[in-house]
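Each of the next two complexes has chain A plus one more chain, namely chain B in the first and chain C in the second.
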Partner chain A sequence: MLRYILGRLGRAMITLFLVLSIVFLLMRLLPVDGYFEGRTDTMSETVKNNILKELGLLDPWYKQLYNFWRKLLLEGDLGKSIVMRKGVPCVDVIWPKAKTSFQFGIIALGIQMLIGYPLGVLMARSKGKFVDTLGNAYVLLINALPAAVYFLAIQLYLSTLLKLPMLFDPLDWKSRILPIICLSLGGIASNAMWMRRYMVDQMNMDYIRLARAKGMTSSQVAFRHVMRNAFIPMAQSLPTSLLFTISGSLYVESLFSIPGMGGLLIQSIQRQDNTMVQAMVLLYSVISVTGLLLGDIMMMICDPRIKLVKKGDSR
Partner chain B sequence: MEDYIIEHTPDYNNPVLTVEDLVVKFNLRGQVLTAVRGISLELYKGESLAIVGESGSGKSVFTKTFMGLLDNNGWIDNGHIYYHDYDLTTFKKEKDWTKIRGQRIAMVFQDPMTSLNPLKTVGKQIQEAFTLHNKVSKAEAKARTLELLADVGIPEPEKRYKQYPHEFSGGMRQRVVIAIAMACVPEILICDEPTTALDVTIQAQILDLLKKLQAKYGLTVIYITHDLGVVANVADRIAVMYAGDIVEIGTCDEVFYDPKHPYTWALLSSLPQLGIKGEDLYSIQGTPPNLFQHIQGDAFAPRNPQALKVDFVARPPYFEVTPTHKARTWLLDPRAPKIDPPPHLKNIMNLNRGGDLSNG
Partner chain C sequence: MDEKKMFDKAKKPITRGYADHKITTLQEGFAATNNLADLEEIKVPENCNVCDDGSTPITDDLFELAHHDTSEAERIGYSNYSYWGSTFRVFFKKKISVILLVFLVALLAFTFIQPLLPNQKDSYKVYNDENGATLRNVAPNEEFWFGTNSIGQDLWSRIWKGTRTSLFIGICVAVCNIVIGLILGSIWGYARKLDWLFTEIYNLFDNIPYTVLRMLLMYILRPSLKTMIFVMCLTGWIGMTKYIRNLILIYRDREFNLASRCLGTPSSKIIAKNILPQLISVVMLQTALAIPDAIGSEVFLTYIGLGLPVEIPSLGNLINEGRKVMLVAEQRYQLLFPVLIVSAITISFYALGNAFADASDPRNHK
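So, the complex of A and B:
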């Protein structure tokens, strides 16, 4: 088990190295005009050259790559933003934004689980009856409707209806309510849908028949046997969704003008802020890789049939 | 495992469960299907009754009504099931059934590979069956579970208690399923094709175990099977089912050596042991009747080459051959022409009962 995790971490390191290096090089393939912030026409060649030299972009690509890794590994330095907020270390740009997104994301995730899973259980237990139909209608509506439509509706109508602020204000906790509702709706629907589906799958299994033949009531069966078994397929994705709450939602954050992470990566790429892109790619890759590993460990804890062993390890 | 006497003693004067004119229907895609068409049966204390019949003849559905385990789209349309002071057909609420299920009547299912919850230890699953009906301390429950594990022939109960189903072989899992059924020492044990999913050597062991448990605890056992070898091995009485009805019932000897119903003849003729080298094995022509439609006369008549005219018109009543043997066929009517069973059925006599048959 420990060997397995160490092996996984080793491979994760290689993955991270490759991802980051490839992104690094791809950024170098972009036309250099982007570094002059739209003033290409008015700048003289010398000025342009100076800017590029200052950014270290005139060195051959392998030297640039080497320098990047040397700085990152030896000094833990991701560099300073070169366009977005010139001269500010990338970490300082990202950190407060990530914190804001996380605050929204974690509450939304909690609500998605607290409402979504019980809703799914309720729907599965009343399969084909009113509650189930109602829940299915909700799931269908949320999935069929473009998020933009109901986000806007919530912002415009719910704000007047409930007398809540339309835009985010860090000093007013009430201004967080609507964005959190927006962030939660989709997750509630998908949690409920999957929980219902897996529970219905489990309820048709032979061992459920045996449990009923033992003399258990249907609610005893649901709580002692079905729920845990239905939850397992969903356990794996939990750590990843938890970690990715810091990435924020582009649409919700721009709609309510929340200074979060949503869209930061896209902006950085558009404006060719190389160091910012590198920093964020590193962050997101680390999150993905750790999320997957934690997901596998979570599966192992929940399901006794799963043993984490490296290929060739004896059991 | 300790040796105890394998013989059990049926008490034919003491019925434990009486079924009267039971009709079970299902609603399937808007159509109504009649799965059980008016069965009456007495189950005697301590006996083992085998219900045989082809797939879809309603043998599983019939026994499921004893435990209220019909699927949601099925219902009892008519009839009574008397068990002690209860009429099981009047049970509506889950609370009524939990008194019966697992405690008085228990069931062993066909496929041990899927009958256990993969995420719970074997010990917990057996213990659960016991603690549901008995208020005891954890230590007592565990002690009882270990006792059960030993009782069904699982070595090293202490170690096995903590293991998960995937750490057990098929035969061992079936022993666990049997331990679950035996947890509260039920009066009636229904075994729904208990050996179908197992290989032949394990089959014999499981049947042996069931016989021992039956003798030790005085169980009344119902075997549902389409394997006549299993029947020959374990049954005191045989009920032959066809299209939701019992067409012939009698002691094991009576049904095997003196069958009266043409369907029983056909069923026995299909035994591979009766095949003649170089010739095709016997198979019953045609298909079972459509249970969505009303069945006129004898359900087997369309597949019976020697069917009488009356077979297509009127449903035969039960004719008594001996006090323990009766069959639903017009052939037993005094006015019927004499039609003899296929001559090769005599060969069953030559097969060593329980030996050759069960090796099929």
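So, the complex of A and C:
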């Protein structure tokens, strides 16, 4: 098991190296004008050259790449932001924002699970009846409406209806309610949908019919057999979604003006803040690799039949 | 037990036996495998037409010679079951799916017909009133059915043009993803030796955040309709490929494929005839979902400022413009109409995809 994990981590390192290098080189393909912060016309060639030289952008690409990796691996230095907050180390820019996003995300994730899963169970158990139809309508609606639109509607209408503040204020806990509702809606829908799907799939299995035939009540079967089996595929994605709460949501955070991670990556790319983009791509890649590994381990814990380590070379 | 070894062992004797003897009929096969001496014992004894207890004697004239008729044999072997025929029969039995299908086809057709209808406004022209002032944000009325936007263009014609653009993007991306996904996914799933290579490529692509890849490419290639489709395909095929691969893995080692392989069917035929038909229902569902998905991505890309150029009407652009005026209650119609269209398209594709997936599963055929 340990060998398996180490092997996967080793391969993950190679993946990370390639991903970061590719993004690094793609960033270098962007037009040079982006580094002059919109003052291309007024700057003289010498000033432009100086700026580029200072950023190390005049070196050939392999040298830039080598320098970047040397600094990252030997000194653990991701560099300083060059546009977003000039001169501040990237880690210091990202950390407080990630913390804010995480606070919202973790509560939203909790709500998504607390409401989504029971809703899914309820829908599966009353398949074809009123609750099921209602739940399906909700899932369909959330999927059909563009997120940007219903978030906006929630901000406009619910804030006046419930007399809640429209924008985020760190000192007022009430201002956190609406963003959290917005963040939860999509997750509730998808949790409920998948829970229902898996439970319905499981309910048609022979072992369930046997359990019913030997006299177990339908709720006993649902909780002891169906739910436990239905939860396995979902256990896989749980660590990833937990870790990715720090990435925040672009729509919600820009609507409620929350100083989170949501738009940071996009703004960094738009303003060609190379170091910030590299730092964030590294962060997200590390998260997704560890999330996947943790997910597999989690799945193995939930279901003893799943074996990650091949025993006797079964396939 | 190593399946591969088992497979190898199983393969040899059967193929050799088949090649050497060329068994053509059942009788021959019977004779070839059984000792004729054994058959001798169960031969009917002679003089059997006289029975001891005096009941009806079995005489030769009770028997008549059976003629061999090839066409008769064909008639038994043939059933008029057609897979697609019964799929469509089940599909069209549900009224709601027929209605949705008609709705979608009509919608698609109307986006083409609309500019040809009489009294239609130009989607690009800025309209002025008699005094030469621009007709900005005019609420829906008899002349401008859906009103005008913030620079005085007719929203009705823009919406239809935008729907056409967005549906075009959606269909292109969906078809592209399905084709690439089916081809690469089959190879990935079926060829054991290539598994590690594809897995590494997948990990690589999967770990670059889509947003980063899309944004960087949009910047490098400059926003246009072609770039948009290219960028969406570049990030979209990977999920589809993985999905198909997982499904292929499920069916790859089933017994019927093992049997096919033992009989020497080439891999391409096994994939095309044995495995892919099993995937039709899920693949159709994925295609149906990919179209609204692409439209949603277009809305998102527009939201972060990387959509199509503003002058090209698309549902993403229209929603984005509508969002800007959402705070003014009188102008909300500018958001309402494109959102209605997007929702209607999404819901129709979801429902249609599900209905078709149900219909194309032979287990639901009666």
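Definition applied: the second predicted complex is superposed on the first by the 309 of 315 C-alpha atoms of A that agree within 3 Å, B and C clash if a C-alpha of one lies under 4 Å from a C-alpha of the other, contacts with A are read in each partner's own complex, and residues count from 1 in each chain.
The rule we apply is simple: a residue touches a chain if its C-beta (ideal position, glycine included) is under 8 Å from a C-beta of that chain, and two chains touch if they have at least 3 such contacts.
These numbers were taken from a predicted model, which means no experiment stands behind them.
In the superposed pair of complexes, A:T46 makes contact with neither chain B nor chain C.
Contacts of A:P304 after superposition on the shared chain: chain B is touched, whereas chain C is not.
Taking chain B and chain C in turn and counting the residues of chain A each one touches, the greater count comes from C. Of the two partner chains, chain C is the only one that A:I266 touches; chain B does not reach it.
Residue contacts after overlaying the shared chain place A:H225 against chain B, while chain C stays out of touching range. Looking at the shared chain after the overlay, A:L16 reaches chain C, while chain B stays out of its contact range. Legend: residue contacts after superposition of the two complexes on their common chain; A:L210 is shown touching chain B, with no touch to chain C.
Shared interface residues of chain A (contacting chain B in one complex, chain C in the other): none. Across the interface of their complex, chain C is touched by residues 11-12, 14-16, 18-19, 22-23, 26-27, 29-31, 140, 143-146, 148-149, 152, 156, 250-251, 263, 265-266, 269-270, 277, 281, 284-285, 288-289, 313-315 of chain A.
Residues 205-207, 209-218, 220, 224-225, 228-229, 232, 302-305 of chain A are the ones that touch chain B when the two sit in their complex.
Those residues of chain B that touch chain A in the shared complex are 67, 69, 94-95, 97-103, 106-107, 109, 111, 114-121, 128-129, 132-133, 164, 166, 177, 180-181, 183. Residues 2-3, 200, 203-204, 206-209, 211-213, 215-217, 219-220, 253, 292, 296, 299-300, 303-305, 319, 323, 326-327, 335, 339, 342-343, 346-347, 350-351 of chain C touch chain A in their complex.
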